[in-house]
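Chain naming follows the written order as A, B, C and D, and within any one chain the residues start at number 1.
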Amino acid sequence: MADNVVSAEKLQERLVANHFNAWMGLSILSLDEESIEISMTWREEMISNPKARVTHGGILGALVDVAADFMIAAKAGAPAPTVDLRVDYHRAATPGDLRAVGRIIRVGGTFSTAEAEVFDSDGKLVASGRGLYYTGALKQ
Amino acid sequence: MADNVVSAEKLQERLVANHFNAWMGLSILSLDEESIEISMTWREEMISNPKARVTHGGILGALVDVAADFMIAAKAGAPAPTVDLRVDYHRAATPGDLRAVGRIIRVGGTFSTAEAEVFDSDGKLVASGRGLYYTGALKQ
Amino acid sequence: MADNVVSAEKLQERLVANHFNAWMGLSILSLDEESIEISMTWREEMISNPKARVTHGGILGALVDVAADFMIAAKAGAPAPTVDLRVDYHRAATPGDLRAVGRIIRVGGTFSTAEAEVFDSDGKLVASGRGLYYTGALKQ
Amino acid sequence: MADNVVSAEKLQERLVANHFNAWMGLSILSLDEESIEISMTWREEMISNPKARVTHGGILGALVDVAADFMIAAKAGAPAPTVDLRVDYHRAATPGDLRAVGRIIRVGGTFSTAEAEVFDSDGKLVASGRGLYYTGALKQ
């Protein structure tokens, strides 16, 4: 697989220039050639069912997408448009910060595939998924 | 297909009791036996790339999920936990309110499948998708 | 949406020049601007679990893919490479011929999305799904 | 994660009792606590486009499904019904035997998620994906 071409610092700037990512309180915890780790700061507005107080699936899906796309960004220079996304919900996420880990499945010329897992503060897998990213316009 | 068992009014209460749905400014525009139509009030925090000023894919994904799930809710009595979700992104969504239309694919005893389309204020399709919902626990 | 640019007869030739499609006994039943209908001739080798005698999910998935892709072909001139596919299995398919109906979700310059439903001989929905097709190389 | 509860020999019997799996010439190459490796014997009927002579996407999708489901089977005692499946196509698969590797994402009480990768005879990744399996009926 190609080497990373951007630093975690540059990716962090890009990550939170994005307003919704900033609203989610995203921060890159680590980046190596294999994976990127991003933390999310929980907030009350993320609650879905107010009785069960679980975090909204839309937030978990956004995290899967961002973590997968920023691992693409590490390899391709910038995050690429998401073409499609699959998210699997494994457990209800109770209030608390989350952590997402993104990995490459394949970087290609026109489109690339990456996956991510989302863990709660106990380290339990709450969601995972994979996305297709259009990397064709990032070339040269 | 089974008849609706809940009114749009009851579903609207349930919709915005959910904090993140309330944050997205969701409102049920119409409900019949075939489809549910939900509007979203755009807000600045939904912006993804600040230069291109496009709406974050996580927001579009959340809308697909909510519209699909609330059509399930109309048939099954309550929204059901999302087991997995696929979202296709068709066009960049520029700032502005969005509208999602949810439809049933199949209501089953244990699992149900529904789909949704998301349109921008010009009526252009910006995203679509389908989700699997666990309706097994809604039986009594 | 763009008009169809190929006849059902031309598409049928293309359909069964494909060896696996020929093995599945595929035949175009109808084609209009909105949808394509393809029949499949059941064969014993398609059985999955030999006790339950249900048709293998791989066959249903192939049918979803082919019906979606040949509706793309009707609009774009030729079937396009499948980039990814989601298949939902709604009911076990008992031995017997199947019928798939493909429809466009969106035809784009680089990528196109289409969906399909698969029905058993009683008209029951046994599977459905949607695929992403790379139509970028079909241009000019 | 739970230990395997079935041997590779028992799973192989079950694998090829399935007619379509037998037609694909599937054989379990290895099984440990983390993964299952299954080989497929290529045959001429698997060809899609007769000029490009690539293997049909339906075959690759079936392989993803079977490898994921048989890793579920190793943990749960028997293959479980596929509820839905996502397949990503990374490269055209030229004629030749294929090898699929299945791994668990999560085994749950009602449903379980597993993934698989498909490699050509040069070891190149040609397809990958993940499926949701209904393991609720396997309990006793």
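As a working rule, contacts are C-beta pairs under 8 Å (C-beta built on N, C-alpha and C of every residue); 3 or more make two chains touch, one makes a residue touch a chain.
Because the structure is predicted, anything quoted here is derived from the model rather than measured.
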| item | value |
| --- | --- |
| Chain pair with more C-beta contacts, A-D versus B-D | A-D |
| Most remote chain, CA-based centroid, reference being chain D | B |
| Interchain centroid distance [CA atoms averaged], chain A/chain D, Å | 27 |
| Whole-Å gap between the CA centroids of chain C and chain D | 22 |
| For chain B paired with chain D, centre-to-centre distance based on mean C-alpha positions, whole Å | 33 |
| Multi-partner residues of chain B (at least 2 other chains) | 83-84, 86, 88, 113, 132 |
| Chain B-touching residues of chain A, taken from the complex the two chains share | 17-23, 44-50, 56-59, 61-63, 65-66, 81-89, 92 |
| Touching residues on chain A, where the partner in the complex is chain D | 86, 88, 90, 105-106, 108, 113, 125, 128, 130, 132 |
| Contact footprint of chain D on chain B as seen in their complex | 83-84, 86, 110-111, 113, 132, 134, 136 |
